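This is the structure I want to talk about, given as structure tokens.
First chain written, first letter: the chains are A, B, C and D, and each begins at residue 1.
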Amino acid sequence: MARFRTIRYIIGAAFGSMWRNLLTTFTAIITIAIMLIVFSTFLAVNDTLDHMIDALGRRTNLVAYVQDAAPPSEITALVQSVSARADVAEIVFVSREQAADDFRNTLSDLAEILDVIETNPFPASIEVRMADPEGLLPLADELRLQPALIDQVLVRADVVGRLLRVSNLARIGGGILIISLGAVTLFVIFNTIRLAVYSRREEIEIMRLIGATDWFVRGPFVVEGAVIGFIGAGLSAIAVVAGYARVGPTLESLVSFLPIQTQTGFVTNLALFTMLMGVLIGSVGSYFSVRRYLEN
Amino acid sequence: MIIVQDVVKAYDEITPALDHVSLQINDRDFVFLVGSSGAGKTTLIRLINKDEEPTSGSIFVDGVNITRLKRGEVPSLRRKIGVIFQDFKLLPHATVSENVEFALRVVGEHDGRGHQRVEEAIETVGLSAQARRRPYQLSGGEQQRVAIARCLVTDPPIVIADEPTGNLDPDTGWETMNLLVRINAMGTTVLIATHNRELVNTMRRRVISLEDGKVVRDEVGGGYSG
Amino acid sequence: MIIVQDVVKAYDEITPALDHVSLQINDRDFVFLVGSSGAGKTTLIRLINKDEEPTSGSIFVDGVNITRLKRGEVPSLRRKIGVIFQDFKLLPHATVSENVEFALRVVGEHDGRGHQRVEEAIETVGLSAQARRRPYQLSGGEQQRVAIARCLVTDPPIVIADEPTGNLDPDTGWETMNLLVRINAMGTTVLIATHNRELVNTMRRRVISLEDGKVVRDEVGGGYSG
Amino acid sequence: MARFRTIRYIIGAAFGSMWRNLLTTFTAIITIAIMLIVFSTFLAVNDTLDHMIDALGRRTNLVAYVQDAAPPSEITALVQSVSARADVAEIVFVSREQAADDFRNTLSDLAEILDVIETNPFPASIEVRMADPEGLLPLADELRLQPALIDQVLVRADVVGRLLRVSNLARIGGGILIISLGAVTLFVIFNTIRLAVYSRREEIEIMRLIGATDWFVRGPFVVEGAVIGFIGAGLSAIAVVAGYARVGPTLESLVSFLPIQTQTGFVTNLALFTMLMGVLIGSVGSYFSVRRYLEN
């Protein structure tokens, strides 16, 4: 009963103080909201780029150009035997016409060349994507042993290597930026809370002198921090989800030559994560900010 | 019972604020603490309320050596001692009612009768009309009376008043003193630090006199000086 | 010369803190302002220092209607009036010296002799030993004396003291009062709001008595009450 | 003389208060530094992207494929007459061999195709970049009137248009982001200052009651704000210049297929601009934060 009254008091006091320090409450909420918006926008962009790099990396990494004279049935048999290998993820036969079309589609600004050339310079090919890149060179050697069917085997080791480098760079860079921006976000929010509590240090001192326990003093601050964090993070979540729903499709259509995909699922999870973080940051920040004035 | 044993309090390297002070205040005592400005009265009160630590010596409250208390045990000591602070120490953003109520909540006694007790305490110091005001909207004397009400509302076994009449006119000062005498008669131990010569001389109670941090006189039925 | 003309001050809709107050304080006057707690003494001082605006009526200081002053003209009014505030109003982070020095800087008189004047003022109130301390390291009476030193260091033509002896022991209180008498003799107008019956009765100066915001008595050579 | 003393006092008081509130001073400096680092990193990235888009946009926007049979002297004459036009910025004759080489270089991962094809499918061409895009279509029509020399004229309206769209999007998006992030930066910094001043409102009130003029009260705060802003912005400038000098070249070599260029000049200007902003934000922020407590 006494405990229940205390809890009710703590919650009431938290809202009372939010209401009294309306300007501080408001700026704290806005600060949390905008820092989290910046942070989660960044997370969303990073995730999109990640997916893009993944999609790029999923492209073919071995091409075997087929002899124009090779009998289709033997080619089919070859395709089947290759696709049976455990280390091959995917194998596609690309006809001459398809090759020309692909070129036209993926590199539309060079496509006119085909009209100028008038003949189709592209041979048919077998494109292989490996599940395990280790098997790449052995497979290439194997295919080279069939000169009757296969004209030339190209291993895109260079492309794969470069893509892996770019992707690693992006991942490391992204990771560093996420951690830095996360730290900035935490710092700014904690600092806002710290300064807000600092301006009420006298109040804390008085409560202690009257005989209030640490939790009695701290409770309202922690609840207040949690509520402010919740509201701030909520605003951020709404802004990010709404913004993503609006900007995502536009972006997708504008840069259709890149494999961008809007991940609504990711953004929803991000919103929930943000809310949780908001509550945590707010309450933990208040907890530690008050502790300084409880301990001396 | 409060026992102060050979206590020294030196804030800095210059002269100590309290210099080997020993004294004993029994339950139900009514004691004046006098001494010129800077003699160490407030310092002694702070030590008893464990707001400061003695440099040496020990202090016992109800048999407990409070210099040995752990952090978590300090609140229960402070709830036993009601202090009327010289500078009031009111919560600046809370109304008169809320300030008094807060003390009741702190001791966990803000139950069904809580509001009534708060109102009675405020009524006792004559501030019913100002109950909804905040400290900065009160006169000096009114703030002092809020501090008194907040101290008394919880009915603590020990009341320590630091200059409780400094901002009160003589009549209100007398009323306050009578209030303290009444609660003393009902069993509360009362310690009053004051400069009010008139009150001390008229009441002829026990007077402890501090001078430069030393107890220079401890006399039952004494006057303000000499 | 301070002229208060039919001034009403109502902080809120309940009873006004000052109720049609008129009074005149001439240059070189020495006046006590008495009245019970909440009578309106501090409110009257605040109005003269233009810290609050009267609800109606006007106030003249040296012939200037201060209710008509523009924002930018207020500082020069306040420099003419030295106020010893009831709650001291010391700069919390500044030392005793710095607090006193600040007042001198404000009036633009912190010249070659500045440091000496600061030291003298601190010496006068007997705080030379505490000059490097900050307010929270001082006793109540010491803080009050810093407020007095800060007010006097600039040698203002008008000194208004709000309960300047509330935290002082009788001896120090007397010294303070003598100090105010001395500067009055040298030409300063002095207005003192106080509850100190002993002082008022002994000194037999002009006494203005407020009750519930009204002037109920204005008597040259009066006592604390009636 | 009195004025000089006052100025000396104001500066002394500013440093005194910075020293007294060391923790607040420190967090204000760090807040300003990190917000400005985030902001100027963003500006630098945006500027780099701008230059990249510019460079991409500077590519050829008209190609006239030359008849294999056209006499070189007439082609030379044609090139000269076109380059004389006021609306042509640049004209280049690309031989067949050059065309093949270019293809190999710019699209190295497709270069193997040329080896497979064995013949050189590329015709010689005249590549024109317009100073004024308006003249593009008239020039194309003119060239088409010479079928003896020119086989086919390609206007890369599509590429140009798409590039302009992307570039506009990037510019608008970048602009919006810069403004938002700038607003966030300003908000967070102002708010930090506001809360720091809020905790000293009592001091301000006391100074006023003693008769201090507005400038006497405000001066130390404004100087303090300027100094804190200067130090914070200085840290940010150092971090950005040093970071750019270190990251720039690495990035350039890693994504050499894109026209990235490190602009040390831009970063130096950015650093100076940041410092100026820091001083301005700090002093103006303090000015307005204090004003609230001077006016009531």
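Note that in this section a contact is a pair of C-beta atoms (placed from the backbone, for glycine too) under 8 Å apart; a residue touches a chain by one contact, two chains touch by 3 or more.
What you see is a predicted model; the values in this text were computed from it and never measured.
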Problem - Chain-contact steps, minimal, separating subunit C from subunit A - result: 2
Exercise for the section: Would you kindly tell me how far, in whole Å, the mean C-alpha position of subunit D lies from that of subunit C? Expected result: 61
Completion exercise
dist(centroid_CA(subunit B), centroid_CA(subunit D)) in Å evaluates to 67
Completion exercise
Per the C-alpha means, the centres of subunit B and subunit C lie apart by a whole-Å value of 28
Handout entry: Per-residue multi-chain contacts in subunit D, two or more chains
Key = none
Fill in the blank from the handout: For subunit C, residue numbers touching 2 or more other chains are none
Exercise for the section: Answer with line, ring, star, complete or other to describe the graph linking chains that touch. Expected result: ring
Completion exercise
Pairs of chains in contact here are A-B, A-D, B-C, C-D
Exercise for the section: Could you pull out which subunit D residues touch subunit A in their complex? Expected result: 24, 27, 30-31, 34-35, 38, 63, 65, 107-109, 112-113, 115-117, 119, 121-123, 151-152, 154, 156, 158-159, 165-166, 169, 181, 184, 187-188, 191-192, 194-196, 198-199, 254-255
Fill in the blank from the handout: The answer for subunit C against subunit D in the complex is residues 49, 51, 71-72, 74-79, 83, 85, 89-93, 102-103, 105-108, 110-111, 150
Fill in the blank from the handout: Seen from subunit D, its contact residues with subunit C in the complex are 1-2, 5-6, 9, 17, 20, 202-203, 206-214, 216
Handout entry: Partner subunit B, residues of subunit C touching it in the complex
Key = 11, 14, 34-38, 41-43, 86-87, 129, 137-142, 144-145, 162-163, 166-173, 195, 197-198, 224
